[in-house]
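Structures given as structure tokens follow.
Next, two complexes with subunit A in common: one pairs it with subunit B, the other with subunit C.
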Partner chain A sequence: MKEGKTLLEAFNLSKTYHVTERKSILKIERKDIFAVENISLNIETGKVIGLLGINGAGKTTTIKMLSSLIKPTSGEIIFDGVDCIKNPFELKKNVNIISGGERSLYWRLSAIENLEYFGALYNIPKKVLQNRIESLIEMTDIKDFAKYPVETYSKGMKQRLQFARGLINDPKMIFLDEPTLGLDVPIVKQIHGYIQKIVREEGKGILLTTHYMAEVEKLCDYVYILNKGKVILEGSPSEIIHLSQLNSKVTITLKRKSSFKDRLFIINECSDRLRETPVIDANKHSITISINKEKISMFLQILINQGLIINEIEIEDPKLEDAIFLFSQIYRD
Partner chain B sequence: MNIIVAKMKCSFKNAVRGELLGNTLGRLFNSVYIVIFSAFMFYYIMKGNVSSSFISHTGTNDYLSYIVVGSAFYIVLVSVLMAVGKTFMSDVKEGIINEILISPVHRWQLLLGNGLEQFMRSIIEVIFIFLIGLLLGVKFHPIDMFSCFAILLLVFLSVFSAGTLLAFMMIYMRETYLTQNTFFLLVNFLCGISFPAEYLPKVLAYVSNALPFTRLLNLIRRILIFGDNITCYFIEIIIITIMNIFILGGGLLLYSIYEKKCSDKFIL
Partner chain C sequence: MPYSYFRKFIGTSKYFIIKGSKLFIILMVNKMSDIIQIIKAEIIKCHKISFGEKKNYFTILIWPILLFFTAYYSYKPLSFDSEQWSIFTSNESIIMFLIIGYLTYNCFFSLVRNALFMRQEREEGVLEIIFLSPAKRLALMYGRSLGALIQNVWMFCIFAIFIIIFIGGLEMKTFIYFPIVFLLICVSASIWGGLLNTIFLFSRDTTIVFYLLDEPMLLFSGVKIPVSIFPTWAKVISSFFPITYVLYIARGLLMNTLVAKTTYLILLLILCFIMFITVKLLRIAENCYRENGNINFY
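This part shows the complex of A and B:
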């Protein structure tokens, strides 16, 4: 990851919930649930950090610990050089949270009234707050509806207003908890635009949790993958895909239809040299094979050696989603 | 101060836009009903007479003025207690609690903002009750601005302190309806709202007279019905204030302990 200024560092964070389970009328069993175990992570200015994992992996608990909503059982959280477990107010002044879904706003209040209220919670001077509200309303494109109650807004408008609310204290760091949940593509693109703007132009640090892997590939500079409360993998999205050693899907379209002899040759050669069997569609003149990216040149060589003329090459790289699925399967037990 | 005013504005707008008819008009109708019901009861059922024990315990035979003061106090109490008590529970229900808890705001600022907003609205109801009461024969002595201000301050301190305790109970029980109504029932029964505490069994009467609500209500009645000067009750005012400060401290302390406990479990 390209170096930025470290904003938040977490060292060996763990969270254990003590729960009781009633076994019978008289018998109560106490149990410890290890929601998060020894997680260490680092969030820098001008970076989007992804926190990924399937449901129950410990993402929400981690975010709540990092945002001071819950206290870790053990570990350390340092924000801008300050110990946040001992001094959570320092963190609270400089962070904010933006969640997906339609809640997190007062529906009977207008956008301006919501922003005024949430701004007041951070004790922002009136003049500064007014200017900030104006610029945020402008940025999130809700000017025409700013004086209407939020309950009259569409889902997309509510989410844009949420974004404005999350930026009201000009936070150094923002927790984005599934910010595009259930939104249409144009609104998702707008939200992505805001995220990129505040990260690249304003240098804010972002911790993003999402279930949309395309979003992670597009926005995240670095990701932590959680499974059963532990970090099982970390790196940039491309590093994680590379680590997974998943195959790329290569589709070659030939200029002319291949003969039976050609097809037999390709199948034998690919099986021998690439250890993969291609799928040949004689009618569409296409050959599809799933191979490691490094072996693509070898595959093309096989075709050229047989005297086949290539019209088009299509390479579909493995997706982060597939890599994460693969790792979660590996670490399942 | 910014935060308290912002919370007051937020609560007022939320209430006005959400339950304008059901809330404001409903309460005003309720006030009219209370006074008319009390007047009917006093004039037509009791024929303007009260028992000698009532006179000996309260020092007056004017039950209408007695109950109108009690009812007005009860309306302020219920309004403020409900608002303060539900401050965080309604944020939990509206899904805003994370956004509130992540901000550097002190919980008491939000409780106070909510309480003050509701107190101001309930004072309008009290004025309405008193006006109708005066039309129906309630007799109050005029009071000066200083006494009026001191009474309002004491009433607010009392109901706000109890409200913080109720806020803790509601969050602890994770329930509003049963908790608040049990609390109101106890207050109504124990604190001399519609009958003197001396009518209760002896033990309860002692408990009642030790409660700040009963003492405050007696003080207000002495000033409004008997025309006593507030300065004569300096010691009583100090006692009520100290009791309320203890309740307030206890409520806030219990709330903060519970919030810390929640931050270990994340119940909120």
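This part shows the complex of A and C:
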């Protein structure tokens, strides 16, 4: 497994779109829209990097800049030591984009014909291309339908073919733009499997944008969070959750029903020492409290000191989704 | 001593020239094979998309044949005594004139149709994926043009049979000239198609380009009416279309009419100019796309 070598570095990338707005029949106003401002990021081999943010945060513009499709207004992109703004074709040879949805394929052509066409664009020798097509069709499990027109495929099959198309040039780096958009759970699992395979086994670098936080937690090694075209936060998913200082939900089930005195003691102690009030369900013998992970041991100590016997402990960690929501609220203005 | 140095210098120079030439040839061959691979892929793709169903081979013939008959029966009741109509010496010559006109026009039109297909690719997001690749842009544009090649070969064969049936046979000379005319039409039409494809990169609203270039081409280039009968202003318009000169040459070779040598030269110059414009526009289109950000909607 190849891992950790810097593949792409972007320094202070900015993109401003110049648009015109018609105010009246004769009057046209020119406006500058700052899509992305001073973004710096790093993509390594064998790692999945997440690029997150709400709609309009600048994710697609960033991906398009990094993949050479659009030119940044300012900044630098270095891929494998090459300046990609001056030499975009060097980057084009080594990257590909896989988008979610059913676009970016020729529906009247078969899977094989699609892959042959897109492979030819990268000037892959015929024999190498044939072998690669075979292995990609095998990997994405579309062998039985490989000769049928794409228009007859289900949504999941089209997405799997998209995946094969994105790997046709054996790119060193892949941009995944919401690759599991609108797919069923089994297909999503399959797509996650492909991503993990190409990252862990083939050492490719991946930049993933998605709105599914569970996907980010499962796949991403490092995450950049964008808001209004700026990176507001970066780190591993666990670091970001930690930074948010969100509480874990701890549920304790007791062996026997607690007395009124016990309950009063627990509420008072938790309020004084943990600064949190627990919810006690006397009928179910359970106590639920939302506290920082570091304070769990203190909470357990309170219960033990009162002579309560613990039957079960359930800890629900804070979700990345909650952390991102919290940060987007903080940086909203 | 100086002589030995001179010999050594010559020897070294020779070595580098030979090595350099070999390297240059290898590079050129590799570059050419890259371009050929892209053009081939485009031809296969365009053909498979246009002729997904076998019946399409026959349906594409209906429209030009109907146009041909419409023009032929419009001419039939007229007399062509005037000197301007000198090309129409007999009934067969009218048929030949119209067949060559429509055949050439259809070859050019098939490329317009292929260029129109780009709008669909833009909306489906495929164009963006194509532009993500390092494929040579010019090869892509000409590949698209040549995508109509198979269709043109098929049409040529059918029209040749048509000529033989209507005229009752062909001279040996005409048979020899036929492949030359075919090559001339294909090359000219592909260069024209390359320009159209490039123009269509600029906007998704291509209807205006179609009306500006296609309809005037049919009317003014002498497809169904000899350019010689046009008023001067119309002759000026016709002089801008390469098809006008292709038709002069094709009719000259197949109908034994006189073609001025300058016609060949003008056609060559126009084709070179179109290629030059295509290269420039292609660069502008890609830069525009890289600046504006979205090939799907700009």
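Assorted remarks:
Criterion: the second predicted complex is superposed on the first by the 329 of 333 C-alpha atoms of A that agree within 3 Å, B and C clash if a C-alpha of one lies under 4 Å from a C-alpha of the other, contacts with A are read in each partner's own complex, and residues count from 1 in each chain.
Going forward, a contact is a pair of C-beta atoms (placed from the backbone, for glycine too) under 8 Å apart; a residue touches a chain by one contact, two chains touch by 3 or more.
Quantities reported herein were computed from a predicted structural model and do not represent experimental measurements.
In the three-chain model built by superposing on subunit A, subunit B clashes with subunit C. Residue contacts after overlaying the shared chain place A:Ile112 against neither subunit B nor subunit C.
Once chain A of one complex is fitted onto chain A of the other, the partner contacts of A:Ala282 are absent, as it touches neither subunit B nor subunit C.
Residue contacts after overlaying the shared chain place A:Ser68 against subunit B and subunit C alike. Using the contact criterion defined above for the overlaid structures, shared-chain residue A:Ile187 touches neither subunit B nor subunit C, since it reaches no partner.
Contacts of A:Ile78 after superposition on the shared chain: neither subunit B nor subunit C is touched.
Using the contact criterion defined above for the overlaid structures, shared-chain residue A:Leu121 touches subunit B and also reaches subunit C. The contact surfaces that subunit B and subunit C form on subunit A in the two complexes overlap at residues 17, 61, 64, 67-71, 89, 92-93, 95-97, 99, 103-109, 113, 116-118, 120-123, 149, 165, 169. Taken together, the subunit A residues at the contact with subunit B in this complex read 17-18, 61, 64, 67-71, 89, 92-93, 95-97, 99, 101, 103-109, 113, 116-118, 120-123, 126, 149, 165, 169. Contact residues on subunit B toward subunit A in their complex (touch as defined above): 2-3, 5-7, 9-10, 13-14, 17-18, 94-96, 98-105, 260, 263-266.
Within the complex, the subunit A residues that touch subunit C are 15, 17, 35, 61, 64, 67-71, 88-89, 92-93, 95-97, 99, 103-109, 113, 116-118, 120-123, 149, 165, 169. Taken in their complex, subunit C has these residues touching subunit A: 34, 37-38, 40-41, 44-45, 48-49, 52, 124-126, 128-135, 289-293, 295.
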